[in-house]
Amino acid sequence: MVAPGPNGPRFTDVGRLVVRCPDRPGIVHALSGVMTEFGANITDSQQHSSDPSGGIFTLRLEFVLAGLAGRRAELEKRLTVLAGEWRMVWRLTEASHRPTLAVFVSRTDHVLQELIYRVRAGDLRADIACVVSNHRDLEPVAQAAGIPFHHVPVTPETKGEAEARALELVGEVDLVVLARYMQIVSADFCNRFPERLINIHHSFLPAFVGANPYQAAHDRGVKLIGATAHYVTPELDAGPIIEQEVARVDHRATVEDMRRVGRYVERQVLAQAVTWHVEDRVIVEGPRTIVFA
Amino acid sequence: MVAPGPNGPRFTDVGRLVVRCPDRPGIVHALSGVMTEFGANITDSQQHSSDPSGGIFTLRLEFVLAGLAGRRAELEKRLTVLAGEWRMVWRLTEASHRPTLAVFVSRTDHVLQELIYRVRAGDLRADIACVVSNHRDLEPVAQAAGIPFHHVPVTPETKGEAEARALELVGEVDLVVLARYMQIVSADFCNRFPERLINIHHSFLPAFVGANPYQAAHDRGVKLIGATAHYVTPELDAGPIIEQEVARVDHRATVEDMRRVGRYVERQVLAQAVTWHVEDRVIVEGPRTIVFA
Amino acid sequence: MVAPGPNGPRFTDVGRLVVRCPDRPGIVHALSGVMTEFGANITDSQQHSSDPSGGIFTLRLEFVLAGLAGRRAELEKRLTVLAGEWRMVWRLTEASHRPTLAVFVSRTDHVLQELIYRVRAGDLRADIACVVSNHRDLEPVAQAAGIPFHHVPVTPETKGEAEARALELVGEVDLVVLARYMQIVSADFCNRFPERLINIHHSFLPAFVGANPYQAAHDRGVKLIGATAHYVTPELDAGPIIEQEVARVDHRATVEDMRRVGRYVERQVLAQAVTWHVEDRVIVEGPRTIVFA
Amino acid sequence: MVAPGPNGPRFTDVGRLVVRCPDRPGIVHALSGVMTEFGANITDSQQHSSDPSGGIFTLRLEFVLAGLAGRRAELEKRLTVLAGEWRMVWRLTEASHRPTLAVFVSRTDHVLQELIYRVRAGDLRADIACVVSNHRDLEPVAQAAGIPFHHVPVTPETKGEAEARALELVGEVDLVVLARYMQIVSADFCNRFPERLINIHHSFLPAFVGANPYQAAHDRGVKLIGATAHYVTPELDAGPIIEQEVARVDHRATVEDMRRVGRYVERQVLAQAVTWHVEDRVIVEGPRTIVFA
């Protein structure tokens, strides 16, 4: 499915509102009323109810509001009042804002290259603030793209310090992407970026959790290999899934062939997940995600 | 993508409203206001604008309204008023209504069998009122399913009369499905069922319009074969497309192999298109369709 | 991929030879020499080596040999000599032979219906000798297709007896298909049909082994659901995989929606696996299968 | 499907033999006899017959032959004799040979970037000898990759000269790739590189031949967009198809969205076609290709 294009003619004055609240009749009317009050034109609207009786209602609006930046405070004030009445959690973003990403890698470049390509092509509206790696292999890739590169070696003994150092170097970013980082990050790290830390796992989760999934897939004799992009939580490979895809393999595929084919699936899946996140299309709902693609 | 299930626990009191009007701010608010007035709970809402400035706005709502059948007249009256204000075209259906289908076939049974299966399985909430064919081959299939079968032979000389006879036998139905009928229907026939006549064409349109598309696909050496479900208009194979799908073939595939593989694509594509139509998810917009899947 | 068509103009005189032996140079030459000797024309040949140095070589030939039935004994004698020289395991089948299937079901008919459809359509060249079920729900389906139906109730207490009774009723068949049978069969049952017992599991194995995989898939929030056809071995859901496929779902999908969508994946995957098996295209190699599709 | 890996441990001593001749019994035996004579181990073998009676037989072998480079002349001599006996056309390549490519582009970089990425990753075993363009936009991309860039402006008046100049600059290469070149090349150009000139067309051919296929696809309201890689012949967009793929779009997709989504399909399809060509897996058979993937 094709989401409305990130390359549209304009981003100025385009707002995105994501709202969650207990589902009860009238909520759409109340929200659209505020939009009408402000003279905003709703250009996209998607909603989901976990259960029409007593469930959680989620709504994502895209709208055009002339002079959004200047009127944002006023709109937020109005939404705060509404939120009180309906017990809403909400967030408002401007499409003109370009989020910043920190990308953690190890030695393989395919996912990083894809992110760089999509940023340049304008398909991923974000800026890669820095690349962090425990190895120096991808320093030239970052440099060629004009992205700061931080080398933070990790050993079993220095894991804690290394993470602290990495976090310090990363500083404030909107999203951290583990683009085949190959290190398990700590619970502290996860908690530092709640719902803002995305990993690509090179299997169709929950199959083949943990290390060396292509070897495990080969041992099991699967006919499809997969990749999974998910938010990272302290439990390994168990966070809410954003996107998954598979590719067909046959009996001729060696483990090495699976790795090779898998790279193309991984880069696609992670880039898609990051793009959806950056466009504020992903909402975590317990162990699952809602994706308004 | 999975649409909210047709096998849900209940259909009583579930309404579907499809609205089209010139796009201008406030339309969602106005419509949701009516829903709120009536105490309806909106359980699904999808919208599309052909162009936020000066385009056509389309909205499909699913809602639960206690006592819908009894209050329908009142709701329609209210919507008629609103329609005047906003220059709306609208239609309201009740999910509990089971549309009737007339299915036209020739000699191959795969698409008919699939429709019968899906009706029985509850995945296609409709009733097949009759099967019409220019051959007697599928009479046993219809009979085994308890569906009236009409044999209406067609020759080049009797084409007009045959069509008239078929239309008479079909009578009033909600939808006519050409399930590999292999006859070109007249403009009169098309006009009798505007946006209510669906055909399956056994190619990826607009490639291979007309007769014998698998032979043409083989001659061209394509690597994917396809099928297309579309509304029928007087221009051959040119009506608005509802759904398309493809399957991979390789150099080993003979024309006969393509036909065989294609049958599974055709049945899937047509059944999907009919299901969407029956659930009021398809809106024709000029040469295209909007599908709120 | 499309395998050469089962609906080809002729099956008489068409043979299939599957050979396995330690890989060493000259094996193809030796085998093709025998074929040449007999005046057979090789129409399809596929081969695989688990490892060119010291691995197992597998070859599948399709050939046309005039008067195959009459010359089969002679050919087998010649192959036996060759097998001694090359330490070959081999099997020879005639395409004109229609294998017999016993299909075990429980209450859902989608997979059984698909098998019946494909047999009738000529896409699956086999005969369903009987349907066995622990419930009477699908008796009418079997009857309508003219297939003997055996009702063998199973309770935890009578499981052993029930299996014995089922095996007795089934008698000699070429393949047993568990078409959503929903019962775990015993090791004895498995051993009675080595590499001739196929199950459809309603998940993308090895994810969601065991009961209620759609519920588990929903709980985990996956974005693709799958189905897996595999040979059954005593270890639950761990036998060699023949075919897998997936379908996309989104956050709107309930467990019931997943079941509904999954039915179409299951029927496709099982029917494909059974077809390949019946055409002698599947070779078990340890925990994996070679599929010469 | 995964072809045996181009990243295998070794390429030295690996040969590929593609043979075509009238189909008659004994051909495999004769060829495998030569291989056995030379002590070659056949590691992959794929064959196809356009028609077992009186058709053309095509065989592709991969084999390991110790000291291949040194024994090549001897092997070729032996094959020449055999070719005379069986009226064979054949070609022998060494896997260790890296073919050279000339890549023609215009202003969009996605296909070129993909080719560069795959060469670097080792997934496409070839060398890009030069990039030719009628615009300077992609000069930095070529330079960053260390590839000579030739700017050859084209105007309607200078088309002939420009082509001549481009051909002179390109010189001897194994394959010319039109990677969204956006210019129609002359019949002379096509004939200079028979079956060695690959184009990516941004539609699912034969739908939307010619210029601006995404606009045409949008106008027609298709639900899938596609891309086609084909050998170029003098007739526009009519050469033998090597690979095709599609991506799903819905009613929300603008022409611009289709272009954006299409880029990812195009790069995948062209890179796959070039890889197969370079591994000598593609054989032209009249208007079609045989692809031993």
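The first chain written gets the first letter, and so on, giving A, B, C and D; residue counts start at 1 in each chain.
The definition used in the following text is that contacts are C-beta pairs under 8 Å (C-beta built on N, C-alpha and C of every residue); 3 or more make two chains touch, one makes a residue touch a chain.
Being a predicted model, the structure only gives us computed values, none of them experimental.
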With a step meaning a move to a chain it touches, how many steps does the shortest path from subunit A to subunit C take?
1
Those chains that touch subunit B and also touch subunit A are C, D
Same or different, please, for the subunit C to subunit D contact, judged on whether over half of the interface numbers appear on both copies.
same
Angle, in degrees to the nearest 5, of the Cα rotation that carries subunit B onto subunit D
180
Chain centres computed over CA atoms; the one at greatest distance from subunit C is chain A
Chain centre separation (subunit B, subunit D; CA means) in Å
41
I'd like to verify one number: the distance from the centre of subunit A to the centre of subunit D, where each centre is the average of its C-alpha atoms, in whole angstrom.
36
Residues of subunit A touching at least two other chains
1, 250, 252
Residue set of subunit A touching subunit B in the complex reads 1, 23-26, 28-29, 32-33, 35-36, 39-47, 49, 52, 64
Could you please specify the touching residues of subunit C with respect to subunit A in the complex?
48, 204-208, 219-224, 226, 240-246, 250-252, 285, 287-291, 293
Can you tell me which positions in subunit C touch subunit B when the two form their complex?
1-5, 7-8, 110, 113, 117, 121, 123, 144, 248-250, 252-254, 256-258, 260-261, 263-264, 268
